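Pasting the structures here.
Heads up, the next two complexes both have chain A, just with different partners, chain B and then chain C.
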Partner chain A sequence: MNSAVDQLLIIVLLINIFILGTHRPRVAIRAIATQGIILGLMPLLIHPFQIHILVITGFVVLAKGILIPWLLYGAVQRVGFHEQMQPLLGYSGNIIAGALATVLAFIFAARLPLAAMHQGLLIAPAAMATILAGFIALGSRRKAINQVLGYLLLENGIFIFGLLLTRSMPFMVEAGALLDLIAGIFVMGIIINQISREFSSIDTSRMNTLREVD
Partner chain B sequence: MLLMALLVAIPLAGALLAWLLPSNNGRPLILPVVACLHITLVFGLCIASPPPSADGWFNLDAIGKVFLLEIAALFTACAFYAVNYLQYRKERNNRILCMGMQVCLAAMSMAMITHHLGLLWLAIETTTLCMAPLVYFNRNARSIEATWKYMLICSIGIALALLGIFFLAYATVVAGLEPSLVLEPLQAYARRLPPVWLHAAFVFMLVGYGTKMGLAPMHTWKPDAYGEAPGLVGAMLAGGLANCGFLGLIRVYQVCMASGDTAFYSFSLISIGMFSIAVAAIFLLRQTDFKRMLAYSSVEHMGLFAFALGIGGKALYGAMLHVLGNGLAKGVLFLAAGNIHRAFGSKNRDVACGALKRAPWSAALFLVSFFALTGSPPFLPFFSEITIFIAAFTNGRPIVGTVVVLMLMAIFVGMSLTVLPVIFGEPPKDRQRTKYHDAPLLIVPPLALLAVMALLGIWLPEPLSRIITSAAALLGVTQ
Partner chain C sequence: MKVADILIHLMLVILMPPLMLGVINRTKALFAGRTGAPFLQPYYDLFRLLAKGTVFSRTTTWVFRAGPIVTLAATLAASLLIPLGNHLPPISFNGDMILFVYLLVLGRFFTTIAALDTGSSFEGMGASREVTFSCLAEPVVFIALMTLSRLSGSLSLSGILTHSSIALWRTSGAALILLAGGLFIVLLAENSRIPFDDPTTHLELTMIHEVMVLDHSGPGLSMVLYGAAVKLYVLGAFFLQVLLPFRVADPLLGWLLFIGSMFFLAGMIGVVESVMARLRLPRVPQMLLSACILSAFAMILVLR
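Entry: the complex of A and B
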């Protein structure tokens, strides 16, 4: 059972690096949707079958796999797909940074004092690598849409860590968190739309009116 | 329990009504009605002290009461102010603003009454979301830039706070305890939790909720959002949302302090607090925009909160007092600043000067609340700040105490350099007067807040003083 989880987590890690390296927003959104669906299925594989786990799975797949990517797609469609992602480090630089972050995450996670039953699982390192990938995406790219992708990677990483916690997160809170995430992406989508209208680009480095005068 | 639910339900019902009501003129009237109901309920709850719910999820303790009182008073002032403000802005549809304000009030009330860290997180995240469209109320390039920064940075911060909560929950798993995210069990467990996970949880929550509070270096969204949002929204952000972030930090602080090993936490809090005050001082010395100035002042006061938590002892009493003092003062300042902004059509001290001649009431309010906030007697912030400083000296930290006092003096000078020209300067001759006039509903609400602040400085009523004392006791100090 756990080997299936580990294999899926490896796919998740590959998707991280793929997202960091791709130059087409459309592809990146599909990749993050795939990652969301994989993550959504994980609770079913990890925990013994229960109705409430099934409900959570449905919820997560719906939110992270369908609804959020759809919202993002809509936002980008209105802005236009012609703009490329343009990472500051270059595409290969981004991939190398992502790979390095993954290695670091594994080294660091090996030193974490995990509970005995979680030793040797990929969950903790995968969570950390995904969070780091999120930060790389946030830091290295100036397009608003990519910053949202970075934020989603960060959220996915946190979700992976949450897999270690079986019973402490009540269902209500988990559902609420997902609802907030959807609402957040919805608001971000609207803002992206307005940004493109005001600045005729979604390059956030053009937004530099607000700063301290020198 | 039912009454506590009403605290959240009333603003939500108001928001629903605001959504359904088609009249742009009638809609703002919902706000004062909801505010009055809400604040009455808050007073009732603070006196009656309802018992906690059976699972411990909902528990209105003294700390929650202090925050609830502050937020209810602030919201009431903003609600009455909004009626007249939205008269001026008739051309804009105010549906989103009315809904956002009330959903935000509901979420803030939820944060104050819950002891479940997950639910608290959820409430704080909701406040971030529902204020985002309000920052964008002015619909221009500057405000969209501010909204984007606000939304992105706060979302990331709050996500990190969630990771911190997960670490805390995982600490209970590692220790082999029954997992829980309710405050009381966590405090009881605290001594048995592995320090590594507890430290990690604290750091992530400090960064996460610190982003929401606007502690430096996570404060970068703050001047933009506060500068571009309407004064009324600025008041809610500085007096409401920032305090919610502080409450989140307080809850994790309570767990960490119960672990008995306090040096690490105190050191982190004092460092980040002093760094925030220092950053605020540097940027305040050369600030020409008076709304951005208020944002840096908020960074300073959030820094002071973190500093007070780090000092501990009597400073905790000062911090609780300062929640009221800072929140109310920020309310007055932002509402008055909004008026002055409208009177001149600018918020830069080079253009907006001589407010005393254009909008005398707003100018006087702005000036007096500036003195109040920077610690002039007899207003409340004077007593809260002095309590924090005395605690710093008596708790064996005279050096950091002195440094903070010096930085606060620099901040006073820096803010005066902006405030004094705005109030006393000569209005520019070449600019046309705007339509703005000081109207009663734009003056009375902030004036009332100022009066409360002065009154509480002179005479702290017995029940309130008891609430603040027991709030400080919950944080670990007995008077």
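Entry: the complex of A and C
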């Protein structure tokens, strides 16, 4: 059971790097949808079968795999966002930063005082690496849409960490977090729309000065 | 028995490589809806070139003439170090993996220096691209070799590459999958296949490997093409040996299994070439960097 989870987590780590290195926002959205679906299915593999786990799996897959990507896709479509992502470090710099973050996550996770049953698992380093990848994506992207992607990566990392705790943390907490996330993406979609209508560009690095719009 | 195995090894690495090209081309033709050239067409081409005369530019020196010969010799020497299927290679000692990699690099060095020797600016450009990409591909191979040598606890290619088994896949399958990804990218990049380079392109500005051999003609060109085929064969065998658990007791069945999987690999390369477009040149280093990261991940997984 655990080796299958480890294999899936490797795919999750690769998707992190892929999102950091890809040029096209639509491809990145599809990749993050895939990551969400993989993560959503993971509780089924880790925990003994129960009906409420099945229900929550369905919700997570629906939210992370379909609803949020669909909202983002809509936002990209409306803004007519065809340009490349233009990260601050360059694509190669982003990939290297992601790889370094992953290595650091592995080193750090090896020193964490985890419970004995979680010691050899990939879950803790994968969670840390995904959170760091989310930070890199958030910090290095100029466009609001791509920053949303970083935000999603961050949430996925927290979700992976939550997998370790599901015994003590009820899934209801995760459900609440998902609801927040959807609301957040919704607001971001509206904001992106608003930005593009007001400023003819959604480049947030140009928005560092206050000025009146008339 | 041992002598027979060595003879079969030599026959395979000498005779089979052009057939791989034939299979790749046939697969591509199939995808394009054409009948395609016969499987033996690469052999006909090689013999046709052998019968032709050679033209040497007056600006070239002996380096240019030595280029194809040294490249072919180095590649053939590398092919002696690699195990095929379940059978051990003719030559094997501790640390031969470094010799293996650098024999291939020696071949590349002479190809590039022969290209520079012509004094043509286009060939210089191709040479510069070729070495840029190869210095990104080399770490991938070495990280992969380090990982594999850690997995198998052996320091020679024969030990490293015959270690793969179903039990190994069960314990460290994730690392092997990552290595497979990285090595497949290197396999395509090193042999200048699509998406890194197009072996059939004839536009100087986009060529990488092909532009370096523009000045070769006749038997020299034949040696260059044959050497490229052998290199594809050797690296393809390397790739397969890392992945496939060749564990059959019967020696004859072992050979047949190996030959079958080589043809399958050729078919896979043909499929990749048919469904992918060429990468833009600035994207190539990024792709090789990703291959590097794949194999580095594999190493982290094995080491931890």
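Keep in mind that, in the parts below, the second predicted complex is superposed on the first by the 208 of 214 C-alpha atoms of A that agree within 3 Å, B and C clash if a C-alpha of one lies under 4 Å from a C-alpha of the other, contacts with A are read in each partner's own complex, and residues count from 1 in each chain.
Definition applied: a contact is a pair of C-beta atoms (placed from the backbone, for glycine too) under 8 Å apart; a residue touches a chain by one contact, two chains touch by 3 or more.
Bear in mind that the values here come from a model prediction, so they are computed numbers and not experimental data.
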Superposed model, chain A: greater residue contact from chain B or chain C: B
First (chain B), second (chain C), both or neither touched by A:D6: second
Which superposed partner A:A110 touches (first chain B, second chain C, both, neither): second
Touched partner set for A:L62, first chain B, second chain C, both or neither: neither
Partner chain in contact with A:V187 - chain B first, chain C second, else both or neither: first
Which superposed partner A:I96 touches (first chain B, second chain C, both, neither): second
Shared contact residues on chain A - chain B and chain C: none
Interfacial residue positions of chain A with respect to chain B in the complex: 112-115, 131, 138, 144, 147, 151, 154-155, 158, 161-162, 164-170, 172-173, 176-177, 180, 183-184, 187-188, 191, 194-195, 198-199, 204, 207, 209-210, 212-213
Residues of chain B that touch chain A when the two form their complex: 116, 118-119, 121-122, 125-126, 129, 132-133, 136, 140-142, 144-149, 151-152, 155-156, 159, 162-163, 166, 169-170, 172-174, 176, 179-181, 194, 196-197, 223-224, 227-228, 283, 286-288
Chain A residues within the chain C interface of the complex: 3, 6-7, 10, 13-14, 17, 21, 91-92, 95-96, 98-99, 102-103, 106, 110
Residues of chain C defined as touching chain A within the complex: 170, 173-174, 177-178, 285-286, 289-290, 293-294, 296-297, 300-301, 304
